[in-house]
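Here chain A shows up in two complexes: once beside chain B, once beside chain C.
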Partner chain A sequence: MNGAARGLKSLAEQAWLPIVLVIVWWFASDWWWSTTTDSKKAFLPPLSRIWDAFIEEAQSGDLGVNFVASMRNIALGLLVGVVVGIAIGTVVGRSRAARAILNPYLQFARSVPQVALVPIIIGAFGITWVPKIWAIAIACIWPILLNTVDGIRAIDPAVRDMTKAYRLTSGHELFRVVLPAALPQIMAGIRVSLGVAVVVMVVSEIYGSTEGLGYFINYEKGLYRGPETWMATVLVGLIGYGLSLAFLVVEKFTLRWYHESAK
Partner chain B sequence: MAILSAPPATRAVPVPGPDTPWYRRRLGLLVGRLVVGVAIVLVWWLAAALDWLPDTLLPSPLAVLLAFVALIGEGAFWLSFLRTLGNGMAALGLAIVVGIPLGLVLGLLPPVERATRFLLDLGRSFPVIALLPVMILLLGANGQMEIVVVFLGVLWPVLLQTIYGSRRLDPVVRDTTRAYRFTLWIRFAKVLLPAAAPFTMTGIRVAGSVSILVAMAVELLAWTPGLGSDLGHAQIDERPDYALAYLFWAGFLGIGINYLFQFIEDRALIWNARGDQGGMAR
Partner chain C sequence: MKTPMSEEEHEMTIAEAEPVQATRPDTKLTVTQLGKTYVTGKESHEIFRNVELTVEPGEIVSIVGPSGVGKTTLLRCLAGLLEATTGEIWIGDRRLAGPVPEMGLVFQDYSRSLLPWMRSRANVALPLESKGIARAERNRLAEESLAAVGLEGAGHKYPWQMSGGMQQRVAIARAIAYQADILLMDEPFASVDAQTRFDLEDLALDVRRRLGVSIVLVTHDIDEAVYLADRVIVLSGKPASVVDVVEVDLGRERDQLSTKALPAFAEARTRVLRQIRRP
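Then we have the complex of A and B:
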């Protein structure tokens, strides 16, 4: 069996159940909805109505505006988190004394439920979009910071001796040796932070906002509009999945030298 | 397998000698940590005193400390504390009851695992808090709804780690149990479960931290009683000192749960040579 056929078979093995489930959901929910007398039925709309809501809101442009606002917050918050997390992580990771001393503080900072910062930050700075970016950034820093520290700590001492023996400049050492060596671990931290960013985005937009997908979900819920609420909820879930999938591609690309060396 | 792998490195007790750097000595480390702690409080105090940040965000450290201590004497606080903890643990218990059997079955049946892979990946990356509004519509804003949402958030670490653990069952062990014709029950309880347990325990520990986080998020947004809604109320009442005190208590709760589960993990899984793969899915 050649590669293409094997790929197709693996795709079929993984795709059949989701496809069947969507089809069953489509018809079964339609049938259930037209026959039931359940008082909650307005909040359990059939898939066809959820789909109609999607088409309608997408065409009116409402969905697009809120989608862009949410993506902007995630992107900027994560960017700040990555830059600050790697910068502090590098400083801490390179010093044994700093690692030993700061460890309990970093462990505590990581253990604080980051979503609980949302009301404090929004309460102080208001419901515009900039405070949300701070909330996302502060939540994203910790996994990246701690993974950067771990990644740098795990670098083989022989590598350090080598850079000393070759008298590499410190900039050269940092960007050509230390950070690339720690990159697999750093990427793992960013992957965790991406999930955190999506959660904090949703929480901050439900808590207090005038735009974004979290705001859209909460607004439609306030109007008791079942199909629209479900549609945006499913959409946020698919976005979470899509982002983690996209990150997997980025990770494979940036770490291709690492995976190749492991073969 | 255990015979082939290197014996676990015996952890030498460090005896401080004249060459030991100061931060490796117990006293040096303690002093260093204290100095950093004092420095953090000083910067915080300065920031509050000079109004670098709005008062509603950063009250003075003393006010927060007083609020933190004052909470210890309040019955309402402990009620909220136990509610958040109880809801989180109830959801975790449900996730364990559902996740472990499901994970073992999926791990044993590769075709089923492949067919459900998309669903599992979707569930894992689904920001569960986005489900909160529809859950409020369906179940109302109450403790039961909170447990359901937290359950949907903590199921994935338990389930995925169990699948991973049961897939790693040594083929030799599997063939041996087949050759001896052990009953299905013995294979399940005595072979598969112990093999998957280290991975499952890691999943449970992760889920423990996540459960507090999701519970607080639900309380914050749906105003169901607990630490999260207390924090929200303190913020609205313009008592940032209490809001931060709740935040610190939540942090200690999170770190406490993590240590507790680590402790159970270390005690319950003595047979597990942790060094081999650290019990963590890749």
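Then we have the complex of A and C:
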């Protein structure tokens, strides 16, 4: 069997179950919805109606606007979180004194459920999109920061000896040696942050906003529009899944040396 | 009297014979009364004392001793990575106070000292980047140094795509490209198989012959110490001190088979072994 055929086979192996589930969902929900008299049925629409809602909202442009707003918040929030997390993590990871002083605070900050900060941040800074970026960024910082610290501390002393013996400049040491060495752990931290970012994005938009998928979900719920609410919720789930898939691809390339050298 | 033509030819042959280093190294390493004591809390732990040694340009000096005697600690002091408690280390006419560009270090564990996210060429060139050498010149030096250790054309490979012996060659190439006058080697051939080990030992001799560098080699392998060295320093005791200095009179051209069969080799080997095993 050649490579393409093997690829198709593994795709088929992975895809059959979700396809079957969607088909079952489609028909079973239609049947249940048309026979039941349950008062909850407004919020338990059949899949066919959820799909119709998607087509309708996508064509009207409403969904697109909210989708773009959410993606902007998550992208900028993550970007700030990654940069600040790695920067502070690098300082703390390289300084014993900074660790000794900051460690209890870092452990506390990590333990606070980050969505609990959303009301404070939005209360203080308003319902525009910029405070949402801060909320996402603040939530994303901790896993990245703490993993950066761990990654830097785990660097082999032999590597330190090498950088000293060969008199590397501090810039080369940091960007060519220390950060690449810590990258596997940093990437693991970013991966955790991706999930956190989606949660905070949705919650911050539900809590107080005029745009975004969280806002859309909450707004449509208020109008008792079950299919629209469901559609946006499923979309948020797909965004989370898509982000982690995209991240896997990035990780596979940037950490090829790590996976290959561990073989 | 020389004609301009012959002068040019003369220059060309030098350039070809010594591709990496422009001038013959002439840095002498002198160690006087060196001692190292670790102090942890109230306890102090003396590792070695009164170590004296001299390495002339182009010499290979082996430091042998039982494991745990403090050979690596001594080498780390020589490399400027560790501050000695007493005594002085001189590089030429300067006193050592930290790592210097005249010394290149080759570590025991090549798999940890080479960076797996860089191709071998980049690994060799990284210290040159810090020296501020331009990219084209860096790459030329790196390729030449890789060729000098028998890795011509392997610059695009990552360390983990290479065998242990090849990785240690890359580590040696890094020290050569750094244009060090003195190579400090800490058990450099301890983690490769026997045949590769012989090849790398001969590579060390070859590098000395072609580049004129001096080598300080820490090893626990007595055969290796004698085979490579002009002089063997025997460390023993607790705290360790130099118990014997064995001059190895085997000439500069050596061969794994014939040199090791010489009576002088056996004599030196026996003398070193006796010193180490002495209770």
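The working rule: the second predicted complex is superposed on the first by the 254 of 263 C-alpha atoms of A that agree within 3 Å, B and C clash if a C-alpha of one lies under 4 Å from a C-alpha of the other, contacts with A are read in each partner's own complex, and residues count from 1 in each chain.
Following the convention adopted for this analysis, contacts are C-beta pairs under 8 Å (C-beta built on N, C-alpha and C of every residue); 3 or more make two chains touch, one makes a residue touch a chain.
Since we're looking at a predicted model, the values are computed, not measured.
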So, does A:Tyr166 touch the first partner chain B, the second partner chain C, both, or neither? second
In the superposed arrangement, does A:Gly126 touch chain B (first), chain C (second), both or neither? neither
Which superposed partner A:Arg176 touches (first chain B, second chain C, both, neither): second
Who does A:Val198 touch here: chain B (first), chain C (second), both, or neither? first
Once the shared chain is lined up, is A:Ala158 touching chain B (first), chain C (second), both, or neither of them? second
Superposition-derived comparison: chain B or chain C, residues of chain A touched: B
Would you check which partner chain A:Leu243 touches, where first means chain B only, second means chain C only, and both and neither mean what they say? first
For the chain C and chain A complex, residues of the former touching the latter: 76, 79-81, 99, 101, 103-105, 107, 109, 112-113, 115-118, 126-127, 129-131, 158-161, 174, 178
In the complex of these two chains, what residues of chain A are touching chain C? 156, 158-159, 161-162, 164-169, 172, 176-177, 180-181, 183, 257-258, 260-261, 263
Listed in rising order, chain B residues that touch chain A in their complex are 21-24, 29, 32-33, 36-37, 40, 53-54, 56-57, 111, 114-119, 121-122, 124-127, 129-134, 136-138, 209, 212-213, 216-217, 220-221, 228, 231-232, 235-236, 240, 243-244, 246-248, 250-252, 254-255, 258
What does chain A use to touch chain B in their complex? 10, 13-18, 21, 40, 43-44, 96-97, 100-102, 104-105, 107-109, 111-121, 123-125, 195, 198-199, 201-203, 206-207, 213-214, 217-218, 220-221, 224, 226, 229-230, 233, 236-238, 240-241, 243-245
